[in-house]
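Structures for review follow.
In what follows, chain A forms one complex with chain B and a second complex with chain C.
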Partner chain A sequence: MTTMKIIPACRLLIAGLCVAAAVGCGKTPPAYFRPNMVEATKQRLTADQEKQVATILLAMFGTPDDPVCLPETGLDEAKLRLAAGPVRSDIVGRKNGLYREHCAHCHGVTGDALGPTAAFLNPYPRDYRPGVFKFKSTERADKPTHADLVRLLHNGVPGTSMPSFALLPAVQVEALVEYVKYLSMRGETELALMRAFFELDDDAQGKLPETREFLVDETLSPVAEKWRAAADAQIQVPPMPADIDMVASIAKGRELFYGDKANCVKCHGVTGLGDGQANDYDDWNKAIVEIGKELASGTTKAREASTAGMSPEELSEHRAQLAWLDKFGKVLDGDALEPRTIPPRNLRHGIYRGGRRPIDLYYRIHAGINGAPMPAAKGTVPPEDIWHIVNYIRSLPYGLDGELGADKPMLARDRF
Partner chain B sequence: MVAGFNWTFPLACLLVGVTAVLLCFGALVTTYDAAMAVPDWPATYGHNMFLFPFADWFYGPWDLFLEHGHRLLGATVGLITLALATLVWLREPNATVRGLVAAAVLLVVVQGALGGARVLLDDKTVAKVHACTGPLFFAVAVAIAALTGRGATAASASGGPALRVAVALLVAAYVQLVAGAQLRHLDAAVVTPVMFRWLVAIHLAGAAAVAGLSWAAVPLCRSQGSGAAGRWAVVIAALVACQLALGVGAWFVSWGVPSGLLPAAWMPNEPLAARSGRGAAVVTGHVVLGMLILGGSVALAMATGLFARHPARATA
Partner chain C sequence: MSRMHRLRSFAAVGCLLVSGCRPERVATPGADVEAARTLHATFVSASSATGDTAAASTGTGWGTLKGRFVFAGSPAAAKPLVADKDTEVCSKGGMKLLDRSLLVDPSTKGLANVVVFARKVTRVKDGPSSTPVVFDQKQCEFLAPVFAARVGQPIDVKNSDPIGHNTNIAGSDFNQLIPAGGGTTYVPKAETGMPTMVTCNVHPWMKAYMVFRKDGYVAVSAADGSFTIPDLPAGELLEFQVWHERSTGPNGALGLDKPDLKWTPKGRFQLTIQPDELKDVGTLEVPASAIGT
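== the complex of A and B ==
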């Protein structure tokens, strides 16, 4: 009888242990940088070529656990080592592995925005590899300054899942910024290497030259130079006149908002609720959309093509094309997220992703937002008028009575 | 000492209490990613674990406080388990209790070894198994306390649908903790967005199952079970309601309010704060409450007749 009673306990215990054991069937493999398979497939690289790119990148940048930093990058290796590797801390509380602790679950170990949680986030986390950053104090095509990235980490990106890291010690924020730059340089170098195969002449036999001149001087240095130049590329902002008549400035800003020159109304809508043109994509998603379209039309064309009259060479080419299309479809399934449109910002919330200081809004309007459809007003709107638009935008979250009136649009007739 | 006093029950209760604190520390270790704050094991920075300078631990870095504290509590739980095992082996005739205590000793040893392996191998997979074995040990400790309690012999074995629902709730609560452990120990180098989506789906399905079973248990246990079963069912149902709120909160403090979920005017205009105390409290609270629900489910299952201890047969 006693044996009978012990059986349910044992059953439950064994079932529990089985569940516990089932969740870990082997040791975790070491972290690695995922190759940019979308670009590799787009460029039709062979397996050997993919391997050559991986080998070069390993030599130039190391691994997630053991990063290498060539002097040409201008990066601080001590900071990189603080951010790289698995999470650990020492007896006085100095922490390593900061990137994997705070960033990798969304941005991915490679900085490819394919971290585990990425698909759930809206907007998707930033993919650092193209080297494009939205919120900065530099001109549209320039890299952000170091201070821009520090500020972004400190403030977070309101209205998104990107948190503020203001509670982290400054030294840790510095290390994370350095590591983001490292991942971005690595990603851009990878893209440059993959695209370089296209320009190889026949003598190269499909292999990139493994010379310092090509790899460092021609490939890495231009990428690093853009980061170095960012500090000198800051937008020169004329100060807003101290004695500005704010009511008149807001009225002028409204005129510009709805006018042809700034034409903010086109996307942000007559109500400022972001309900204008809302079917555009940012650069990261647009690239995937375009590849998807190319794949769809290529597949249709290839399937409709009659193989009856094809020569053996044409037939072989046709089959290679079908195989490539099939491979690309699978790569997109695993290495790209479902593209999403980018809605224009609702200006009546008072939530400004790139920062809420007037100067932050000035930067956004002056240079536009790199990677997003938001165009630069530079060249079409004079600097002093940009301040008027800034003042108008800052007034939008408030109703005519001065009360916070987010989501209570003014009637369109009141605006004209 | 009172002659003939049953020390097994208070010792089992002590084990449950200290294990609960241990699990809180374990949850905090995961929340703060503090598992590797001490790189060696079983020593702590070369010191015997128990002789590590108190001031260096208590007033030291937060990560070290959590990890070393977790180890000290683990060792304490191990010692209490051994003391309980000795007492039960000498005094307790009930085979179920003896079996459960043997299971507790086995689990505490395995769990200690897993904790050590997690540190020495610096491996997240081992961490996941460690996180799944902890609640299992807690469930066994609660079962021992429930069986050795004064009311155990008086508990009516209701059986039937109430017992079946209670056991299903117990299993669901544990599986839910296992699924939660996979989400908490995310290895960005291994888990893809597709895998994460599946893990979230499983966790949400588990939440629905636990909620459904816990709420179904209330009328069943109140009508069919003992008074204790009815009370436990109500407590668990209330805990599950809180747990659902904490689960939503855990998502919000980790990744923000999903866009489109709330009216625009209600969306927070402040960014999330990484490593905030409030965020850590919500996420850790979600884990700890999950463990309490598991413990409550064990008590409920026993109150509805699992391991029913009929006085006439107990000494058979």
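== the complex of A and C ==
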């Protein structure tokens, strides 16, 4: 009997040890910023070049546990320090490591939207590195204002996995917004550096000049300047006339929705259910789709090429090409998520990702949505017409216009 | 026994959870910490040394560059595009839209839509013209598959179709609705580097490329493969960048085997033009291997 009891106990112990061995009992390695491997591989950077970029970024931005920022960024290092590092309390009991507590599991330590939960979310979390943000009060290609990001953290992004952080004290929200800007500037600078290798003259021998002039004045400052300029780039919205006849305005908006000028119907569908043109990608996913296509065709070509009759140089070039294709495949597996199409918004739900205030909808229609297929109406649709469209769209979730087929929504399985 | 099994599977699941099931990620080289420390000191040093800003101009007068690209292969028949929206306009009268990424003139073998632009120049003859250039779309196709313009020069983006389009210039601040029969004006504010893709999101098969240069020294090869860049600064070493949509080179750079022009795999060649000279680089043969699928 005793042996019978001992054996399971031993097994439990062994199983426990197994787990412990796998987890390890050393210190957790410090968090690190992962290089943008998709871009590095796309630009065919050598290991030395990747190292040079990592070194420059370390000098400019520090590490996830020890961030630094140059005065050119306009960022507040004190705020960054509150958001950075592991989750902990400092000596006065103040919470530190806010980014890793609230954001990193989806947006990733690097802000590359490759956190452990990212793959399970639809839509995927935002990748800050290209410096493109959707929901803001500025023109299409401009950065969001500070207030835009604060509002986004307050409200979350309805219809996505991004929750509201309205319960956080203002000082913590400020720290997080600053840290998102920091990660975005870092990511955009990294992209610029990786792309700069191609622009080098041949006599530079594949090495970026390590001068303050090139790295700070020509590379970092233009990125930071766009963030600074956002404050003055808010869209000027003429107020909706106070005495507007709402019924007439909605009717006019409906006309525009279906008309050739605003053309909303093409993507948002005749029913407004978002069932029009629905097989397009946003810019983040499209980049991966395009690379995938290029890789597939390149691989076919390289595999089919006969090596018979190749000169030694051609053969080594051919092998290098095969090795690069192979590496790129592995990089996509580990550093990119399966691309997904972007469905146009279903306007019958009354759920608006960038906010539900009429002015939010005005911004979306006026400037389009950066990074998404949604085009800007400014220039071709006058402001009063944009207000009519806003009014029509706001009526859609409550509309009883059976002639649109809203009472007979299309089944999801028929739509895709 | 069943308990042992349970234990075993528990341990196995535990190990799996710990090790994770993400594919192993490609290793990356770490930063050089010492070098980063030195660099950081350079960044925070007060002196923003600005040495020689622009290279001094070395010549006077202006010259012209011309040449012609020919394709040394037999191109496959162009594939039809999947144009399945607004068919009453887009495939009017049974017309099929074809892929235009490799246009070779059957009689002259000329390769169209190759972009050539000067990388750096010290002098520019004229400022950008204020006369708009037209970028039109008709029957669900951008009329120009590759379109070059100068930074600061207005582009009249038009739509000659009876249906609405949008024109989305990747990496720019422009993605706008272009109403049926209407248009809008866009003034490019920055250079593109290599050409950037232009799409219509309503009709996803519509595709073109645009290239914007500050100095305006850019040409797109015509149907017979010929190109001309006039008014280039004479007397200085000029470097040109060459691009083709389907090129296998990095970022679309077209690398040719032309040692006399110091043609590099990055698709660049160098030459100097004398004042009032019409420099003809002759026929530039593009081998089939330089063009991808």
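Please note the rule applied: the second predicted complex is superposed on the first by the 370 of 416 C-alpha atoms of A that agree within 3 Å, B and C clash if a C-alpha of one lies under 4 Å from a C-alpha of the other, contacts with A are read in each partner's own complex, and residues count from 1 in each chain.
As a working rule, contacts are C-beta pairs under 8 Å (C-beta built on N, C-alpha and C of every residue); 3 or more make two chains touch, one makes a residue touch a chain.
Just so we're clear, the structure is a prediction, and the values are computed from it rather than from any experiment.
Asker: Which holds for A:Lys301: it touches chain B only (first), chain C only (second), both, or neither?
Answerer: A:Lys301 sits against chain C, while chain B stays out of touch.
Asker: Just chain B (first), just chain C (second), both, or neither: which does A:Gly334 touch?
Answerer: Both partners.
Asker: State whether A:Pro239 touches chain B only (first), chain C only (second), both chains, or neither.
Answerer: neither
Asker: Mind working out whether A:Pro312 is in touch with chain B, chain C, both or neither, as first, second, both or neither?
Answerer: Neither chain B nor chain C is touched by A:Pro312.
Asker: With the two structures laid over each other on chain A, which partner does A:Glu139 touch: chain B (first), chain C (second), both, or neither?
Answerer: Touch status of A:Glu139: second partner only.
Asker: Between chain B (first) and chain C (second), which, if any, makes contact with A:Ser161: first, second, both or neither?
Answerer: first
Asker: Between chain B (first) and chain C (second), which does A:Lys266 come into contact with in this model arrangement: first, second, both, or neither?
Answerer: Touch status of A:Lys266: second partner only.
Asker: Hey, what residues of chain A end up touching chain B and chain C alike?
Answerer: 8, 12, 15, 19, 23, 32, 334
Asker: Quick check on the complex: what are the chain C residues that touch chain A?
Answerer: 3-4, 7-8, 10-11, 14-15, 18-19, 22-26, 28-33, 35-40, 42-45, 48-51, 85, 162-164, 166-168, 170, 172-180, 182, 184-185, 193, 201-204, 239, 248, 250-251, 253, 264, 266, 268, 292-293
Asker: Which residues, counting only chain A, touch chain B once they are in their complex?
Answerer: These residues of chain A touch chain B: 1-3, 5-6, 8-10, 12-13, 15-17, 19-21, 23-32, 64, 86-89, 91-93, 95, 100-102, 104-105, 108-109, 114-122, 155-168, 334, 337, 346, 349-351, 406-408.
Asker: Any idea which chain A residues touch chain C in the complex?
Answerer: Per the touch definition, chain A meets chain C at residues 8, 11-12, 14-15, 18-19, 22-23, 32, 34-35, 37, 41, 43-44, 47-48, 50-51, 54-60, 68, 70, 139-142, 195, 198-199, 201-202, 210-213, 215-217, 260-263, 266-267, 277, 279-280, 283, 294, 297-298, 300-301, 327, 330-331, 333-335, 368, 373-381.
Asker: If you look only at chain B, which of its residues touch chain A in the complex?
Answerer: 33-37, 39, 45, 56, 60-64, 94-96, 98-100, 103, 107, 121-126, 128-129, 132-133, 136, 139-140, 143, 170-171, 174-175, 178, 181-182, 186-197, 200, 255-256, 258-260, 263-265, 267-276, 306-307, 313, 316
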